[in-house]
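Structure in structure tokens, see below.
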Amino acid sequence: MTSIPLKAIAFALLRELALALLLLLGVSFVVFAILYAAPGDQFSVLLEGQLPSEEVRAGIRAAMGVAQTWYGQYFSWLLNVLNGNFGTSVRTGQPVAGVLLNASLNTLYLTLGSMFVTLAVAVPIALYSSVRGHLAVISWPLTMLGYLFSALPVFWLGYIAIYISIHGFNFFPLSSSSQTPGQHDWLYTLVPVLVLGLGSGTISEVIRNLREEMSRVMADDYIRTARAKGASVWRHAFKEGLLLPVTEIVASKIPFLLGGAVIVEQIFNWPGMGRMAWQAAQDRDFPVIMGIVLAAAAFVRLGSLIQRMIHIAVNPQGARD
Amino acid sequence: MQNVKTYSQTNIEVGQFSQLPLRQKYAIADLLYVAYGLLIVALVLVSYILGMFDLLPHDPQQIHMDMLLAPPASNGYLLGTDFMGRDILSRLIMGIQAYFLPGLLAISIALTGGVVLGILAGYCDRKTETMITYFTNLVDSFPRLVLILLVIAAFKPDIYYIMVVMGITGVPAVATAIANKIRYLAHKNFIEAAVALGLRTRVIIFKHILWYNCRALLIIQATLGMGEAILLETSLSYLGFGVQEPMPSWGNMVQSGANYFLQGNFWPSTAPALAILFTILGFNLLGDGLNNILEDRRGR
Amino acid sequence: MKQLSVILVLALSLLGSAVSVSQAAESRKAARPTGGTLNYGEYGRPATLDPITSNEMISMRLSELLFNGLVGINERQDVVPELAQSWDISKDGRVYTFNLRKDVTWHPRPGEAVMPFTANDVVFTYNIMMNPKTITPLKVRFEFIEKVEKLDEYTVRFTLKRPVLNALAKFSFKIIPKHGPKNPLYLTRDDPFVQNPIGTGPYMLKKITADREIVMVANDKYFKGRPNIDEFVAKPFADQNILTQALTFNAIDMIVLVNPRSIAELQGDKRFILQPYNALSYSFFGYNLRNPLLADKRVRLAFGYALNRQEMLSSFFNNQGTIISGPFAPGSWAYNLDVKPLPFDPQKAISLLNEAGFKQGADGIMQKGGKKLELTLLVPIEKESEAVKRVVLAFQNYLKNVGVSVKVEFKEWQSWKEDVFGEHRFDIVFASWVFDDSADISSLFHSAEIGPWKNNFGAYSNPEVDSLIVESKLTLDYEKRRSINRKLHALLAEEAPYTFLWTLTNYSAYNRKIHHVAIHPYKFFSYADEWYIPLKAQNK
Amino acid sequence: MSAAMTQPLLKIDNLRTYFYARSKQSFVRAVDGVSLEVGQRETVGVVGESGSGKSITAMSVMGLIGAGPGVIGGSIHYASHRVKKNLLEGLENFIDIETENGRVMKVRKNESGWQHASERLMSDLRGKEIAMIFQNPRASLNPYITVGEQITEAVRLHTACKSAKEARERALYWLEQVKMDSPRLRFNAYPSAMSGGMCQRVMIAMALSSEPSLLIADEPTTGLDATIQSKIIELLEELKQDTGISTLLISHDIGVISRLSDRVAVMYGGAVVEYGSAQSVLDINAAIKHPYTAALLASVPSEQKIHEKANLQTIEGDVLDTINVPPGCRFHARCNQVTPEIREKCASHHPELIEVAPGHQMRCWRFVS
């Protein structure tokens, strides 16, 4: 018998998975409902520049094979989605799924990177001030800095970052796949990641949250026991004081980061979901937006799924809940 | 590193605790936070009122084609003028109008919704609770900004639509907070006790749970909510979906100003950006300060 | 600035000299170095890359690089042979027969034999274009064609419903290969062809990168001779400020359309050339005549007098443009220089409004029979380009001064178009038309064009104008037609269904390393096969 | 062990551990000049009401008092056959104290310095030499680690058997020693799956598994229900017989104390008021008795009382508030044996701990001749 009972985890995994799917179903319906309530005709995007008569529109609808009733539309769409077919973009006519895959990978990279940045900044501050008390000599200004960054409008921070990297370091922070390789492209991609990581408005919250958790755990009896038996306090505090809170925060912050990504991707010309979402909102390109919202929701669910998994793996019997 | 602390006995007898000066009861920093936060809130309120009665240095809508983007302190324009030669200071003050009421709307939606669901979740049977959990999870699954983009695409870029969405997406946080609070109280047999005392459910919920035990929490949520409202409006303005010209909002001021940022004209965007910075800082600090003072003190 | 396009082609002279031009071109080309890459930045991404379904300027520019028409337009606006090496026109002007070049091949697809360009492709293109299920803005422009037949492999014959002046130039529409689209009957946007088309043009689509950068490489078999520059890359940008910065940091070599506010910045920079090109476009405030307040032409004229165009032009676009007086672009042959733009004269505006029966109310707002003169101005949202914002705000300001209250309402692009073209829910719009070298304004002002999704969104109807338009369409004599159009110009200036503002000088900015840059007014890349980059500048 | 060893295993001398009530701007004199000894193979019981400072004394010995003024004075000499040292060696350098007529009024403390020094002193003792078990065992076990693992950890940290396998066997052995039923099954269980009694057995096993010389049992039975309590006490008794480990037993429960301890210290208000052999201190009928001890004993039910139907007495008044300690005898406010002649002494001066009989010390003016 191992200390991580796989059976329990597997079972929980199934439960969580089912829940996630249920939620995604709900999401899909909400999205569809909103769009169905929307005024106007989603195909008008195709009529740009031409003078369409009703028969032209009918022709288009027929060509795009659109059901007429709302439930017809919903279920046909849902079925397609379940077959991995998110429909084709009204604007570009490309299958959404394919485009979405690229875009979402880029966004994933951006968000994970920036999440890492956030943690890299927040965790040390949080730990330090949990040990020294959050008013201690050094931790206070650091915490303040966290607050400041969280209060900045992220796109303005972005412009500043660009301005600095141009006039300060004389390089241009834009990633571009057709750039001749080797021009330390990672540097280019670094700036947006930093901007999102610092500016997404989560740092101060993360710091506070971690600090409180850590100091709460540090005051627990079992930590005293650990000290009394001469074991490493950190080893004992790690799971409840750091691992769990961090995973929880990461999971709960994914939505915010995805939101921030919309902005940062605009500024830094980052080919991700956020920019797609904006373009689609402009063109009322409904299949794309639906796809994006679903994908985003999927990210969020995935995040919390992983978080639950870790949580269960760490204490299978729900020792603390 | 050295980390010397001093503890000194003031010769007061116990029971005079309440007569201690504040700074001895609470951490000075927390008090500073709250003080600063309150200052900001006061400023916001004042400028909101000023804006309401047009008590402004200049007409925020007056266009001066002859002095576009005038730098700060050029004849009478303390913070300079924007891309239409309008006085930035006046527009800053006026800008609060743009999100004040919508922000309040968002907050009140979040709070009322959150309270209702929270109480239901904390107070009712398992079934309702699971349903509510499902709902909150559902709402939490939407990245706020993306959802708003969706709504904009479907309907129109209107600050009130946006704030309604924000309010709804704000519900889960409040709900969970309240629900946890109630569970905590129940765990402490607080509720049984109240019931045993023969209090009516309504009284228990509103007086004892909400008023006595959740007001701090609600205040904190509200202050944080206002900060979020401002940031959100700003982000949307950058995307072009925020409050629209000619109505000034800090968001669209930063946005239009930022167009000249890279050419080295900083002030049009910097002034509102700093306004945003300090305001949100104020709301966040207020929230956290109150949190430390009102919430954590309990039980210590 | 987003622009609505009314593309109708019209050319000025007969062939003859044309051939020699393109020969000259080839001989010149031989002397130039080949190689190098040209990255150019576009604001926004093209939806589709084929010439038929695409409906925005970006993809239109692209199709100049990838495709050819039967005929082309040269730098001097002459019709010159392209895919057709010669043609003859029947006496009655209803039958056009084209003899196609025999040395043209389609861009090779991997794993496919090189296909020759033949008459089949021409017929195919026309048919697919006219299919009702095909999604294309082009249909309306070819309704004058009755039928097309293939006479032999290299000869096609077009029969017109009626003789049309300068029909020849209209045959510059791009030809797509029969073996191109998956669906042979009609072309919609989910056909793979629209995303990676093949053509006959100087450049071949190589790949579209993950972030929608469009990479094109020189077509060695190009029938006019291999283009000089090896590679064209179109880079999409989502933020215009960054676009300019990208140029200054050599992330790109060319900006097709420079944002007005960046012009000053780039002018100072020796590394770049700012090249003006006169896009045949103009901006205007259009009025919805369905609104009784605006039905009175004196009101519309009053608005015209109330605006200080010169001030706007100088302070918003640092004078890069010309103020216009009528419905034609100044560059166009049809423009009537005798008609002067309305001067800035608020007093006149006020008196006109008074004439129209409006009296200044207590609140300073004009009113008539208790009805206030309050109007809504509908404007499409454009993220960074606050040039639009500036103009409409100024407009609002000017009208306030003469006692008209205008409510500015911003809408995102799509719903703006639905409101204006579909539902006609607006009083005033600010927009701009892009023409090509044409002067056909029939779709804008003819009463037959009133209705949902037609271009006469203001519902302007005037029998006199209608007849003039029809007349000019039918007449085959150029001079006669010109005078008709001048009449039309004067009349519309007087009638003021729009308040005509200005034509902006578009600027393209590009790195000095690119030589012999000739820019086509709206197709932009028509002569790109002759641009070149000196060898020493190539490796950087 | 050789009886020649006269030096006591643990010798606490005039220990002072203060806390600081920030909100009240004043010190909590939790432990104020406590002196105790624990000899080899001896069990010393410390009894007193809650808040009398007995647990704090224990924690001070373990060096578990963290922030705040904490341990500010005294010495704790520890001397096993392996280690001999003063556990507070040199700590005074990090603290400077201002006193006003014997009363500490101000403490400046270099927290980090103190912490590091203390850690250095304790590092080779905690768990290895001195092991501790706490009240509320469930909370005292790490809920995220299986009990087996927690014991194994102690074994590997402090004993010769380093290999996982050995250590595991050793841990299992100790689980058997503490009468854990089906230890192999429990080995991989998490504390949350165990009853309080079992958790306490685990705690004990964990404490003993590192074979320490001194065991500090801080209210080992508190919070367990009666039957379990007695079981735990039995266990402790047996272990005492088997291992002969010296124990510092802390409890508010006279019953527990009397069953386990050889000597007893009665604490009140942060100071030891009576100290001596178990029988002499806990003998309710003894001639000389500290009023507080007397009161304590009187408040405990015993068969004999129940026979005589004597009603239980309670101690009037509340436990001493260690925040503002009165100048005189700390108990005198509640004392029912104050005689007129000593009254003002009781009120004004704090009595010393004096020997009233061989090995029996007392802190009361009544017995000061």
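By written order: A, B, C and D. Residues from 1 in each chain.
Everything that follows uses one rule, which is that contacts are C-beta pairs under 8 Å (C-beta built on N, C-alpha and C of every residue); 3 or more make two chains touch, one makes a residue touch a chain.
Here the structure is a predicted model, which means the values were calculated and not measured.
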If I average the Cα coordinates per chain and compare with the overall Cα mean, which chain comes out closest? A
Compute the centre of every chain as the mean of its C-alpha atoms, then state which one is farthest from the centre of chain D. C
As a quick test, compute the distance in whole Å between the mean CA positions of chain B and chain D. 51
What whole-Å value do you get for the distance between chain B and chain C if each is reduced to the mean of its CA atoms? 48
Averaging only over C-alpha atoms, locate the centres of chain A and chain B and give their separation in whole Å. 23
Mean-CA-position distance for chain C and chain A (Å): 40
Residues of chain B that touch two or more other chains: which are they? 3, 152-153, 238-239, 241, 258, 261-262
List, in ascending order, every residue of chain A touching at least 2 other chains. 159, 162, 166, 266, 278, 281-282, 284
Indicate the residues of chain D shared as contacts by at least two other chains. none
Write out all the pairs of touching chains, ordered by chain label. A-B, A-C, A-D, B-C, B-D
Can you tell me which positions in chain C touch chain A when the two form their complex? 4-5, 39, 44-45, 47-48, 53, 55-56, 132-133, 135-140, 186, 188-191, 194-195, 209-213, 215, 233, 235-239, 241-242, 245-246, 249, 251, 381, 383, 412-415, 417-418, 421-422, 443, 449, 453-455
Chain D-facing residues of chain A, complex: 1, 3, 133, 220-222, 224-231, 236, 239-240, 314-320
Sites on chain D touched by chain A in the complex: 62, 64, 67, 122-123, 125-128, 131-132, 134, 136, 139-146, 149, 153-154, 157-158, 188, 190-193, 203, 206-207, 210
Within their complex, chain B touches chain A through residues 3, 27-29, 134, 137-138, 140-147, 149-155, 227, 231, 234-235, 238-239, 241, 251, 254-255, 258, 261-262, 269, 273, 276-281, 284-285, 288
Under the touch definition given earlier, write down the residues of chain C that touch chain B in their complex. 240-242, 244-245, 261-262, 265, 308, 311-312, 315, 381-384, 386, 389-390, 392-394, 396-397, 408-412, 415
